[in-house]
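We call the chains A, B and C, going by the order they appear; numbering starts again at 1 in every chain.
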Amino acid sequence: MSDFLKIQGLQARIDADGTPKDILKGLDLEVPKGEIHAIMGPNGSGKSTLSYVLAGRDDYEVTGGSATFKGQDLLALEPEERAALGLFLAFQSPVELPGVNNANFLRTAVNAVRRARGEAELDAVAFLKAVRAETKHLSMSDDMLKRAVNVGFSGGEKKRNEVLQMRLLQPSFAILDETDSGLDIDALRIVAEGVNSLRSPDFSALVITHHQRLLDYIVPDRVHVMAHGRIIHSGGPDIAKTLEKQGYTQFLEAAA
Amino acid sequence: MPAVTETRETVEKLAKSSYEWGFETDIEMDIAPKGLNEETVRLISERKGEPQWMLDWRLKAFRAWLEMEEPTWAHLHHPPIDYQDAHYFAQPKKKPGPKSLDEVDPELLKTYAKLGIPLHEQALLAGVEGAEERLPVAVDAVFDSVSVATTFRKTLAEAGVIFCPISDAIREYPELVRKYLGTVVPAGDNFFAALNSAVFTDGSFVYIPEGVRCPMELSTYFRINARNTGQFERTLIIAEDRATVSYLEGCTAPQRDENQLHAAVVELIAMEDASIKYSTVQNWYPGDDEGRGGIYNFVTKRGICRGARSKISWTQVETGSAITWKYPSCVLAGEGSVGEFYSVAVTNNHQQADTGTKMIHLAPNTRSTIIAKTISAGHSDSTYRGLVRMQPKARNARNFTQCDSLLIGDQCGAHTVPYIESRNMTARVEHEATTSKISEDQLFYCRSRGLSEEDAVGLIVNGFCREVLKELPMEFAVEAQKLLQISLEGSVG
Amino acid sequence: MTQNAAPALEAFIARSAGQGAVLAETGLPTRRVEAWRYTPLRSIADTAWQKAAPLTTETVTALLARLVLPETGARVVYGNGQLMDALSALPEAVRQALENVSPLKGLFSATLNTALGERGLDICVPAGTDAGLLTLVSLSDGQDVSTHLQHRIVLEDGASLTLYDVSAGEGRYIANPRFDIVVGKGATLRHVKVQRESLTGTHLAIVSADVAERGEYDSFTLNQGSSLARHEAVVTLGAPHAMAHVNGVQIVDGQRLNDLTSMIHHAAPDGSSRQTVKTVLSDAGQGVFQGKILVDRVAQKTDGYQMNQALLLSERAQINSKPELEIYADDVKCSHGATVGALDDEQLFYLRSRGIPEAEARDILVRAFLIDALDLVADEGLRDLLLRSMTS
């Protein structure tokens, strides 16, 4: 299967107080199966918009282009259908769900996805066993399972909770939207390990980040530079180091 | 839990917004002619074999009712109710007595099955030997105004607990009924209570003697099953000193076109150190998508904490009825007594609910807690209306109230009308209310984890209601959660 | 439902020169009328209230001398419902209002005023003009008399005005003022009201304010006087991004009853409203707060917040509070909170253990209770004036 994730000429806009604002302006990107790619870019370049559009958030209007995943028209699917197909977005700042028990939420999600994939649902015991294994791995306390989803979680706890969900839902393609922001070095290592442990010929990821730091832990196969709603440069992992030293200016100038 | 599995299976087969338990049972009925006058009241009393004092009490209530006007202060709109266009008495024709399995009407058993009464409980209702030992819950099934089967009476009797249809109690324990009936909700308390007092046909009577912890949860399933039959239940629960009881009430009703009137009265009396927990899942037929049909539910529920340190706790999940008018209340007359009200009210389509509570603090150191969650969807309207009153003797009394409303869609309404009255400087009242909607962020987050939109709404709504649902007994909590989701079907997207 | 046979009503109808039909139909509200359940008008029912006689300049000057008033800005004085020319001057920027303001229906104070109305302020602040500070003093003096001033205040687009509105008097009377207010686009009216009527007086005020796009009606009411007083405000945010502040403080002692009733009607999207009302009750004082926030179906993105708190300082004091949300739009953020209670014993003890006498310690805590409502008056000078007025 040559086409895994393929984005062509993608354009998207958001309604900003009544006036449409174009954010993605003809973005091209391919992430083959089994590869991890990184997107770096200055604030406002459209990185988070890209992740939301891929995950199916309807605040954004797609005005042109296409995005296919495993040969399917991604943009025609509901968010839950994308999840079932194997797409996972680790949110930059996950929303709080007051009163919704975290363990219950995880189990509901896992079984919804399993159902959609034609797999047997996990009963409470099997699920708990699976979760316990993961939380231990991620150094999460059991307490976090008993609390309401993301309510009162510290920044680090929220990110770990995202990684926990990713591990449990076993996606074939994960988007990590600035998962490193606000993380100390230990938490960063745990998150990175969570992603690396999923690495296989069947798993791909798109790591969106500001900093080269995360890419020391999750070494990408390719790095893309994004600006003004487009990928303006692509290359090997060494680009990240260049960016860290010299900033975006040279790429922006080259693209202009 | 068979009831739950069964419910789920039934639910999954459901078409959108059709009423799960909308069926009628073909059973031979004994119906009084339509209309309401003194003769109707006398007929009911006579058919029930009541003593003269009971008839007199009914007639007094009826005469009071004639002088009263239907209340109009609630945020409710409905066509005028023709009180003459209804039957006030209907009961299944008596067969030689439900002592053996053969004598139980098979139609009735089918009805229980559809209602989701667990199989072993059905077996018990049907009188299967040996079933009794295995059961954790006593069921007094009210079938169209008349209790056709009562279980556990023996087991309960050993503990000294009386649990029986109120019509039996009137005959068998007249001194108890006479002492307490109408002491919490007087016959002339309000229009609907007066109506109920005149024509009530059945309901439950519970008496827990001093020092007794009722050995099981008491549960009743109500149904309306006869065309144009008003439903006038009367429940009276007395917990003597240091007695404890938990009572569960669940309702379903079959689908039909005519609006049906329901005007129940529930009275609770808690003596010193006694505790009564009363839980309700109300799922009467709400009417169709256009708001046609559906039950008019005008209920008066009130408890009095007479003794020191007594406690009355109301928990309700209201998802049904076209109109709900209901304010389960606590009169805190005993020093240090405690009142609680936990409520979830869900309205969808064209349903209307005006519900809440009254906490009347009469004595020192009394405490009350009100947690009310209101969810409106479709074209519905839902109002929380509550009163907290601190009387001059309520020294150091406390109340905390939290009301939260959730709107789903822009064609519904959610209202909060609290009344706070304090006449004691040392009493403390705190009230908080919020109104919000399910955020797009929350929905998207759940959906991006693979949940369908309806499951996501269900999950978020259940989270919103969690503080209330956790107050329900286990077997109700699970069904209540499912019920919330069913009630909101078709409200999003 | 009403007290139609009351001498008061008969007198009002007789005085209304054929305008009394609505009044006759409405009657005097009793406790059974929901809006008046906590504020019964029994105390006015048995008096045949007459039109008040004009006051002399000397009488008015003497009454004025007892009040705490701003020393700057323009001042307009009414005595028993009549303009005191010699003591009054309008701000230069202001001209006579030409617009007709829609009459308010169905509210008793408004109905009474409509039937018996006397012409009061009738001003318009032209577009883009800041008219500064205007002090309006309404004085009453007499026995069994009533006044019913009708004020119209129109702020054109971008205009602004600060109105310092003081009511006071001597004797047993009813003051029944009405304000019809129009706040134009981007205009701001700051309405600071001080109700210090005679302790045997009755005050029934009604304010109707319509606020246009990005306009702001910013009000603060000090309710501290009268044997019975109700200040009622109906604020309509009829265009996007309009804003209302309806704040107040009530200080009630003796056997008096003070009532702050408001309805904030969000009738357009993106409006916001803020309300903080604090009531301090001593002796056998009764406090009433009724605050409704109504959000229409079209009023999406409304942001409404309301807080009312009551402090009871005496065993005989009582508070009746009814905060109310009526909401028909789903994408809104509305909340209210209410607390009722006494002074905190621990705080009191703490202050006393530091050597502060009990009475003073109580004063400190009462003032601390009121301060976050008072702080909502942005103008420091007016805030200071209010504090002085409260303690005078």
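Keep in mind that, in the parts below, contacts are C-beta pairs under 8 Å (C-beta built on N, C-alpha and C of every residue); 3 or more make two chains touch, one makes a residue touch a chain.
Since the model is a prediction, treat every value here as computed from it, not as a measurement.
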Core chain by centroid distance, with centroids computed from Cα atoms only: B
Of all other chains, the one whose Cα centre sits farthest from chain B: A
CA centroid of chain A to CA centroid of chain C, Å: 56
Centre-to-centre distance between chain C and chain B (centres being mean Cα positions), rounded to whole Å: 44
Distance from chain B to chain A - Cα centre to Cα centre, in angstrom: 48
In the complex, chain A residues that touch chain B: 55-59, 78-80, 82-84, 88-89, 91, 94-95, 97-101, 104-105, 108-109, 112-113, 116, 148-149, 165, 169
Chain C - residues contacting chain B, complex: 34, 297, 300, 310, 312-315, 317-342
Interface residues, chain B side, partner chain A - complex: 439-442, 444-453, 455, 459-460, 462-467
Residue numbers on chain B that touch chain C, as the complex places them: 73, 390, 392, 405, 407-437
